[in-house]
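In what follows, structures are represented as structure tokens.
What follows is chain A paired twice: with chain B in the first complex and chain C in the second.
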Partner chain A sequence: SWSPCGQYLASASFDGTTCVWKRQQDGFEVVATLEGHENEVKSVAWAPSGTLLATCSRDKSVWVWEVDDEEEEFECVSVLSAHTQDVKHVVWHPTLQLLASASYDDTVRLYREDDDDWLCCATLEGHTSTVWAVAWDSSGQRLVSCSDDRTLRVWQRQDSEGQGSGSEPSWKCVCTLSGYHGRSIYDVAWCHLTGAVATACGDDAVRVFEEVTPVSPMSPVTFGLAAHVARAHAQDVNGVAWHPREPGLLATCGDDGDIAFWQYQRPESL
Partner chain B sequence: MTLEKCSSCSRGECIKPVKVDTKPGKAAAKIRIEADGSYFQVNQDGEEQKLEKAKITLNDCLACSGCITSAESVLISQQSHGELCKVLAVNKAAAAHEQKVIVVSVSPQSRASLAARCKLGLLETAQRLTQFLKSLGVHYVFDTTFSRNFSLLESQREFVRRFHRQAEDKKALPMLASACPGWICYAEKTHGSFIIPHISTTKSPQQVMGSLVKGYFAEQQHLPPDRIYHVTVMPCYDKKLEASRPDFFNQEYQTRDVDCVITTGEVLKLLEQEGVSLSDVDPAPLDTMLSGAAEELSSHHGGGSGGFLEHIFTHAAKELFGIHVGSIHYKPLKNKDFQEVTLERDGEVLLQFALAYGFRNIQNLVQKLKRGKCPYDYVEVMACPSGCLNGGGQIKLEGESSKEELQQVERLYESLRAEIPEENQAVRELYEHWLGGWGSQRAQEMLHTQYHAVEKTNSALNIKW
Partner chain C sequence: NVVEQVRVKVNDAESTVSVEFTPTIPHCSMATLIGLSIKVKLLRSLPDRFKLDVHITPGTHASEHAVNKQLADKERVAAALENSHLLEVVNQCLSARS
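Moving on, here comes the complex of A and B:
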């Protein structure tokens, strides 16, 4: 995960550590090694503010670290044990200090700061198997999750009405995309420029979905398949990412060892 | 070999293999699993032999993280209120010369939690609990505040010794608190020989109580230690693990210093099981180990985790620098569970202490130590956020937020008069007559312990992705 300033790169390792690398003139240098997880770290994410880092591990925990810029030191501010199984992925809300995690326990959980600690403020239940990854849309009002159950689920923030400002927003599944993927969906990316959702799937394919403009404000949220590359990789596709500034440029990686770049264009018919 | 998983463990690492005697020269046998879950080995001649199941005792536990700060009920068959009930029933039915003397030692944190739950004062709670336990067949009910005096005094002296030794022994400081078994388990398992030299060798109040009950008290009663059954009531599940450490087992008499640990929550279950409300029980006079009945309860300065930091700080300031510390100023750092206390003279830092509660702060402390950036001379380390009053074994109050509930217990806990360990007459008397003076060989044996690095077991069986 890149730090928002672009100077640091954080990497998660099988050895239970997370390394933070600093960009040098001729490469990268390790400036900090974050130890504490009992076993392999599955994912690391830098918060948009640049002051927090989140990691998750097979040890079922999610850790939040605070960055001390001057000393390039990292202190653990919270160890969150809400998940009952292996945690696969962590990702920060685009603007708020709100963290999402996906787990082998079939749930997505959200966390926020509370006093001087963090707490799990929402549990998103619906998937029937491992949730591999989650992604936020650009507004942070929605979240998409992909799972071993071969579905994508889109969750929308529901602000409770008429209650005090202290009440927690809830998250509701507004759309389930099933029947498109032949195998486990390992990764999902929501383009913050175009709103397109790309998936990496165990059936070697890369797919892109777009929201179908609702007929009326009351009609249900629907997404349609906009692009499908059947044999994008020779083996499972593991990762997918949109370019942060160049609309439509997509990168994927697979078990075949390849990294592929794709140019996506929204079909006219949509 | 057959394997069985420890019931309190959520991971596969506690699996302990048991060796089954096999006759040499026999070809591969088959293993059949019966409907009841038992395993039979069937050899080629069709002979059947029931396989022994590996029994996992608490000693085999490798301190999986599930036990640290765990608030869930852990099924530990050796140590539970059910086991206590069994022992009490057997004891009542036993012939007079076979009966054991049953002693229960109650921690002050448990008492405060019970008092909050039953809406009673602390003294009342202690008196009524004494009566309740005696109605079940318990003979003596003690208070571990008494044994904590010894833990505090020994910790103070140990710190001063380590401070003088710091030039030649790099691991003399920081000294890390030893009273929290969750922390000890974690340290032994995860950081082993690196961290152990820093941990105070002073026994926890529970284990000092063990030495007092099975040592001094047994002598007074003219009983061998194994004729006393010693139960403690603790705010913490990990105290069960502590009591079952081999270091606290008397080989000669085949008995533990603490035979059974039950949590505060389990005392409540015991009350419910008997259909008794503590407020309906008549108060009984309190027992003391020395001289007559206690008229009042006392506590120690320095918060709900025992006050180790404050006592050591005050003692060291006086002993090492001749400074009298009136009040102690805590400076919160990252969060309320990580605070610093500093002793300065003319701008020079003489002593720097900290308290680090909860797993996240333990992590940061250990990482600081590893990087050689730990500025502290002493750290009061506790595994539970907010310390022992918030222990996993405490009673959860209904209809109260956990914060309010904890504040209520803290208020009660702090309402008692604080005693100064040095000024306790009974403690002095025991040091003098039973232990043979300060710093004697006997005091060392009775009041100190040791730690053991647990080798990490990497079994391919445990790997899952």
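Moving on, here comes the complex of A and C:
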């Protein structure tokens, strides 16, 4: 995960550590090694504020680390053990200090800071198998999760009006996309420029979905399949990411050892 | 003799292989190890294009859902095989001849 300033890169490893690399003139150098997880670290995410890092592991926990001003000292400020199984992925909300995690226990959990500690403020249930990844939309009002159950689920933040002040916002699954993916969906990315959702699937394909403009505010949320490359890779596609500034530019990676770059254009028929 | 039968389905055109095995004892604690050994043997023997599915014959094991889920999770399998002790046990399972 890149730091927001672009000078640092954090990497998570099966050896149980997370390394933080600093950009040098001729490459990168390790400036910190974060230890503590009991086994493989599956994912690391740098918060948009630049002051927090999150890691997660097969040890079922999510750790939140604070970065000091010098940016080279990291302190663990919370160990969150809300999940009951391996945690596969962590990702920060685009603007708030809100963290999402995806797990082998089939749920997505959200965490926020409360006083000086962190707590799990929501559990999103609905998937029937491991959730491999989650992605936030640009507004932070929605997130999308992808699963071994071969579906995508879109969750929307519900207003907490009528529940009294100080109550947690709740999240509702407003759309489930099934029947499109042939095998486990390993990654999902939500483009903050265009709103397009891309997926990486174990059936070797890359797909892009776009929201179908609702007829009225009361219509259900629907997404349509906008693009499908059946053999994007020679094996499972494991990762997908949209370029943050160039609309339509997509990167994917797979078990075949390749990284592929794609140019996507929204079809006029949609 | 820990496995009664193994049912194999191959679809070459779709590049899929499915192996179903029946532990002899419904609570057999070796089920995960057996399944993992089968999976490793397939991984080492078949071309990369094949999608592998190794699972317990439905209704024949008390924890079949949990075992099947582990075997289907390629990240878990990869991590398990990085454990040198477990890898050695798997290799021993695969090298034994009846």
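In this text, the second predicted complex is superposed on the first by the 267 of 270 C-alpha atoms of A that agree within 3 Å, B and C clash if a C-alpha of one lies under 4 Å from a C-alpha of the other, contacts with A are read in each partner's own complex, and residues count from 1 in each chain.
Keep in mind that, in the parts below, a residue touches a chain if its C-beta (ideal position, glycine included) is under 8 Å from a C-beta of that chain, and two chains touch if they have at least 3 such contacts.
Because the structure is predicted, anything quoted here is derived from the model rather than measured.
Participant: Touching A:Glu75 in the superposition: chain B (first), chain C (second), both, neither?
Facilitator: It touches chain B, and chain C stays clear.
Participant: Given the touch rule stated above, what does A:Ser129 touch, chain B (first), chain C (second), both, or neither?
Facilitator: A:Ser129 contacts chain C only, not chain B.
Participant: Applying the document's definition of touching, compare chain B and chain C: which contacts more of chain A?
Facilitator: On the superposition, C touches more of the residues of chain A.
Participant: Between chain B (first) and chain C (second), which, if any, makes contact with A:Glu66: first, second, both or neither?
Facilitator: Once the two structures are laid over each other on A, A:Glu66 reaches chain B alone.
Participant: Examine A:Phe14 and indicate which partner it touches, taking first as chain B and second as chain C; both and neither are also allowed.
Facilitator: A:Phe14 sits against chain C, while chain B stays out of touch.
Participant: What is the contact status of A:Asp256 with respect to chain B (first) and chain C (second): first, second, both, or neither?
Facilitator: second
Participant: Going by the contact rule set out at the top, does A:Glu38 touch chain B (first), chain C (second), both, or neither?
Facilitator: So A:Glu38 only meets chain B here.
Participant: Which chain A residues lie in the overlap of the chain B contact set and the chain C contact set?
Facilitator: The answer is residues 58, 86 of chain A.
Participant: For the complex, which residues does chain A have touching chain C?
Facilitator: Interface residues on the chain A side: 14, 39-40, 42, 58, 86, 88, 104, 129-130, 148, 183-184, 202-203, 234-236, 255-256.
Participant: Applying the document's contact rule, which stretches of chain A touch chain B when the two form their complex?
Facilitator: 35-36, 38, 58-59, 63, 66, 75-79, 86, 115-117
Participant: For a test of understanding, state which residues of chain B touch chain A in their complex under the given definition.
Facilitator: Interface residues on the chain B side: 65, 190, 334-337, 359-360, 363-364, 367, 370, 385, 464-465.
Participant: For chain C, which residues count as touching chain A in their complex?
Facilitator: Contact set of chain C toward chain A: 48-49, 51, 69, 72-76, 78-79, 82.
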